[in-house]
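In what follows, structures are represented as structure tokens.
Same chain, two partners: chain A is paired with chain B first, then with chain C.
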Partner chain A sequence: MNIEEFRKKIDENGIKEVFNESVKISKERQKDVNAFVTIMDSFEKSSSLSKISNIPYALKDNFSTKGILTTASSNMLKDYIPVYDSTVYKKLKESGAILLGKTTLDELAMGGTGTTGHTGIVRNPIDTTRSISGSSSGSAAAVRMGVCPFAIGSDTGDSVRKPASYAGIVGFKPTYGRISRFGLFAFASSLDTVGIMATSVKDVAIVTDILKGKDENDMTSLDNDDEIYENLIEKDVKGLKLAYIEEICDEDNNKEIFNKIITSCETLGMTVEKVNMDKKLLEAVFAAYRTISCAETTSNNANLSGILFGPRAKGSTPDEIIFNSRTEGFSELIKRRFIMGSYVLRRENQEKLYLNACKIRRLIVDKTNEIFNKYDAIILPTTKDIAPKLEQEKEIINDKFSVLENHLDIANFGGYPSITIPSFEKDGMPLGVSIMCNIKKDALTLNIAHKLFEKLRGEENV
Partner chain B sequence: MDKKTLKELANNLMFDMKEEEYETLSKEFEFLLKEMDKISEFEGIKDVEPLFHPFEIKTSLREDEAKNFITTEEALLNVKEKIGNEIKVPKVVGE
Partner chain C sequence: MYNVTIGLEIHCELKTNSKVFSTGKNEYNDEANVNLSPVDLGFPGVLPVLNKEAVRKAILVSCALNSKISNKTKFDRKNYFYPDLPKGYQITQSREPFGTNGYLMIHVGEKEKKVLIHDLHLEEDTASLDHFNDYSLLNFNRAGVPLIEIVTEPCLNSSEEAISFLEELRNVIRYTGASDARSDRGEMRCDVNISLSKDETLGTKVEMKNINSFYNVKEAIEYEIKRQSELLDKGEKILQETRRFDSTDKKTYSMRSKVDSIDYKYFPEPNIPVLEIEEEYIKEIKDSLPKLPFERVKEYIEKYNLSRKDANTLVKEKEISDYFEKTISLGCSPKLVSNWITTKILGYLNKENIKINEFYLKEEYLHELISLIENEEITSQQAKEVFDYCLLEKKTPKEITKEKNIKASSNNEELQNIVNKVIEENPEVINDYKNGKERMLDYLVGQVMKYSKGTANPIKAKELMLKDLNS
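After this line comes the complex of A and B, so read on.
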């Protein structure tokens, strides 16, 4: 259900009944999906006239909400009650949206499988034997379950877009800085972006219009662009030039589906051309992303000590308390990532590891910018295939990686707006297609995505 | 990557891990370092300027004005052990 359909339901049945029904379904599905860390038991009716007034939504549990448990799905924060509101939550409250619950994520937003949160695995609501990926796992699941028309996530590599794709919904990562990160628990600050998930591009545009804007509490937030995205999504896309990267598409398990999407783009009057990128450079994205993100997260999470907040372990000195709290509080995955980050930042390793990763970032971004000099957008399959079975999901860095499974990181390297929309189904599971535009072209990204989304909805499955 | 180095890194970060977790990490390192070796061999990589931020942005600082952000009670809300307005920890210096 989209925002308009929720609004209609509220008009017919009242807010209380709609909210209670969403709470009931959310609770019932905790057993098999586990989308939420916290499900709210009350709400305040709003008199706001905004488009999302009194509409329920879900918020990833790494956004600070004053007085409401916020765990980042980590044992280290399992009882943490924030004392201030994130800008995102504050703006949603001011717009009258109703918080339905805080959603499960991979611990500290650092995984990509939905299996590492401290309250257990998040399962794909479409088929609970399958993964929904992560880290915004619960937010994607909540929208897919139909308990709210939109949800908020965070995207450092693909954490909004990949779960959205596996859930068959829309997931949007705007330009870096378009939405304030104030109150979002930092993972890797140069890559972190607030993202929106919904059942339609139009709803994503409505919510982005509310959330975007300069925030004095986030010095990296962008100046207002004075555009109303919702009003721009219907623009004619005829004549726009799209490109797809051959080396990435070569790995697609569903080429016939991608070809059909290209045909749909052409029917809308856009051109789609093949471009090439050095395969070695694309392969380097995997290691460069891990190196940069681990380096940034190691320092960002140094404040989790058990002294100021979080469970405090026993110890006879303050150092012992911190050591034992961190040993008991973090899961294995988090510790491995912190160690990697610490290693690549060591003075003797910085040049070869951390700085080289940042140089690869530059080369990738320069090459992508070259494409944007000639094309309006890059279109690619979001993932190699449908959501995998849960037993196939492993949070271990090894040589079984593909450039297609990692291309979404490029949008975070360069801060580009990137969106995934559902395309066709395979074996009853959704596939997504992603569209990425140059920085600050959020309106164009949403415009192309909306037109294609509407077109694909009217087409027969492959 | 030997276990001694990994344990030293972990301890510097103020935590420890189980034996088998160090083994997993060692294998991950083996792969990551191999991939980073390939990156070192990229033609002209030495002359590339590292990119630390997605794109150039104009940052601005807030006015240097005192603001009430959180109260003392709020600052201590999540502290497990406290005495009055202070955080309680074991003695740092001897008798």
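After this line comes the complex of A and C, so read on.
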């Protein structure tokens, strides 16, 4: 259900009825889907005239909400109640949107499987034997369950786009800095981006219009672009030039579907050409991502030491207290990442590991920029296949050198806007297609995505 | 004897309204834990926002230290766990600091020395810790206070040079207005690196951390020179290590050796974009720099013939030095102004515990007072009286002399009468004088002054006295 349909329902039945129904369904599905860490039990009616006024939404549980439990799905923060509002939450509140709940994520937004949160596994609401991936697992599930027309996530590698794709909804990662990160619990600051999930590109554009803009609390936030994305999505896309990267598409399990999408693009008047990228470089995406993100996260989460934040363990010296608190507080997976991050930053390793990873990142971005010199956008399948069965998940995440499973990270490397929209279904499960444009071309990204989204939906209905 | 090589790392807190990366108030002497924001405490999700005033002041001091100013400055993270570091990392600069390759000219006794500055960078202070028997208390007021770290090259060769440098540096920082640089309030702290060697090569470096007063820096250096010399004399090796100076017994103690040295895992701070500093801005700051104490001392000695001691006294505080310069610019003898400041004025300020800008006698009035003396309208003796009245009654020297009818007696007849009287009353002294005891003249003039109650012009009195004695 999209924003407009929610609005209609609210007009017919009243806000209270609609909110209560969403709460009811959310609670009912906690058992099999587990989308939420916190479901709100009350709301404040807003007199705002914005497009999302009194519309319920879900917020990933790593956005700071004053007075409302914010756990980042980690035992370390299981009782943490923030004292300040994130910019995103503040803007949504000011626009009158109604917080339905805080959604489950992979612990501290690391992981990408939806299975590592401290409150348990998140399942795909379409088929609960399947993964929804992560880390914005609960946000994707909430939108898919229809309890809210949009949800907010965060995307460091693919954390909004991948779960959106598995849930058959739209997931948008805008240009780095387009939306303030102030109050978003940092995973890897140079990659972290606030993302939006909804059932249509139009709704994504509406919410992005509300959230974007310069924030004096975030030095990396971009200056206002003074565009209203919602008004620009209908622009004619005729003549736009798209490219797909052959080395990535080679791995696609559903080539015939991707070919159908290309045909749709061409019907819209866009051209789609094949480009090539060094396979070795693409294979290094995963390693570079791991290295950089682990390095940053080990530092970003050093505040969770049991001194000010996190349960304080016993110990006879400050060092011991910090050591024991962190040992007891974090899951094994998180500790592994911290150790990795710490390892690559060590004096003797930094040059070879961390700095080399930064160099690879630069090379990939340079190469991608070259493509953007000639093309308006890059179009690629979002994932190799439909959402895997949960028991297969282990296998999938070990698929480290799959260039198709890791290409979404490129958008975070370069700060590019990237969106996934649902394309066709296979075995009753959705597949997604991704559009990525050069930095600051958020409007163009949404424009292409919207046109293609409408086109594909038209074809589906035929 | 060994060659001593010393390098210093000085931390100095900047005077700004808010902290370096947050809107928290920069005032850590208030009640504990009141001046802080979520950013200072490292709450999950917070981001640093660079304080523009701290940036300006870091550049200002860099300029005062004749440094090359980076036009693309960057910040880095220094990672380590300690309870006084809420985020678990400190934002600092390791790759592209504000200033590099600077120097500071200092006076060491009568000699000049150029002290080379490796770099100046901006960072954040930690919380302060108070240790008790079985617990410690944290005060986060200091967390996030802007701090500049100034690193010298290893180019100092004695405790005397180190202290001269620190004093000069403190003065320079105060002149720029970047900080009060008071070590008694912890605003200025110093790490000392020291090595001894027989020849020109550098010996093994020993580091002493966080010494909180210049006096202790001196003690620590001297103790280390002694300790290391004794070891070297015995043919033993110096360990590369970090030592702690204990101010109670004035000795240093080993904290950790090189092998245990902390790896801070520096990496670029991702939340602060590269800061581009325009040439124009740098020029603007350079132009705003006041004349610095080294230059002033030189000028006072060479141009105004003041003693080094007086020159040093005058430049100790910029406001005093400015007061001096302004008064002489109004047309007074530098020597007289200097005397008035170093004796009467500083004494008065000290006694009243006020600053020169709270002092009633502005430069114009001191000029007025000195002019009265120079024009022989009042005597120096009277001037002191006028000075006291001015401060007491908050009136200008002219008003006081008018109201109290204070004036030098220039009436020759009256003065001649006094001279005659003194000659009459002191036949023996006059005899002595005539027999060659020339200093008796001063006594006689003194007597004239006494009879005139200080109103006589001593020069004139001397003139008349000489005339009579020689006639």
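The criterion applied here is as follows: the second predicted complex is superposed on the first by the 453 of 462 C-alpha atoms of A that agree within 3 Å, B and C clash if a C-alpha of one lies under 4 Å from a C-alpha of the other, contacts with A are read in each partner's own complex, and residues count from 1 in each chain.
What we mean here is this: a contact is a pair of C-beta atoms (placed from the backbone, for glycine too) under 8 Å apart; a residue touches a chain by one contact, two chains touch by 3 or more.
What you are looking at is a predicted structure, and each value in this text was computed from that prediction instead of being measured.
Peer 1: Which partner does A:N303 contact after superposing on A: first (chain B), second (chain C), both, neither?
Peer 2: second
Peer 1: Kindly classify A:R290 by the partners it touches after superposition: chain B alone (first), chain C alone (second), both, or neither?
Peer 2: first
Peer 1: In the superposed arrangement, does chain B or chain C reach more residues of chain A?
Peer 2: If we count touched residues of chain A for both partners, the winner is B.
Peer 1: What is the contact status of A:T220 with respect to chain B (first) and chain C (second): first, second, both, or neither?
Peer 2: Touch partners of A:T220: chain B and chain C.
Peer 1: Between chain B and chain C, whom does A:S342 touch in the aligned arrangement: first, second, both, or neither?
Peer 2: both
Peer 1: Answer with first, second, both or neither: which of chain B and chain C does A:P318 touch in the superposed model?
Peer 2: Both partners, chain B and chain C.
Peer 1: Answer with first, second, both or neither: which of chain B and chain C does A:G183 touch in the superposed model?
Peer 2: second
Peer 1: Name the contact category of A:A72: first (chain B only), second (chain C only), both, or neither.
Peer 2: The second partner, chain C, only.
Peer 1: In the overlaid three-chain picture, which partner chain does A:I81 touch, first (chain B) or second (chain C), both, or neither?
Peer 2: After superposing on A, A:I81 lies in contact with chain B but is clear of chain C.
Peer 1: Touching chain B in one complex and chain C in the other: list those residues of chain A.
Peer 2: Overlap of chain B and chain C footprints on chain A: residues 80, 83-84, 190, 216, 219-220, 298, 305, 307-309, 318-319, 322, 342.
Peer 1: Of all residues in chain A, which touch chain B in the complex?
Peer 2: 79-81, 83-84, 176-177, 190-191, 216, 219-220, 222-223, 280-281, 283-284, 286-288, 290-291, 298, 305-312, 315-323, 326-327, 330, 332, 335-336, 338-340, 342-343, 352-353, 355-363, 365, 396-399, 412-416, 439
Peer 1: Under the stated contact criterion, what part of chain B meets chain A in this complex?
Peer 2: 6, 9-18, 21, 24-25, 27-29, 31-33, 35-36, 38-40, 42, 45, 48-55, 57-62, 69-70, 74-75, 77-81, 87, 89-90, 92
Peer 1: In the complex of these two chains, what residues of chain C are touching chain A?
Peer 2: 38, 41-50, 77, 79, 81-83, 86-89, 136, 263, 265-267, 270-273
Peer 1: Tell me, which parts of chain A touch chain C in their complex?
Peer 2: 62-64, 70, 72, 77, 80, 82-84, 86, 181-186, 188-190, 216-220, 295-296, 298-299, 301-305, 307-309, 318-319, 322, 342, 345-347, 350, 354
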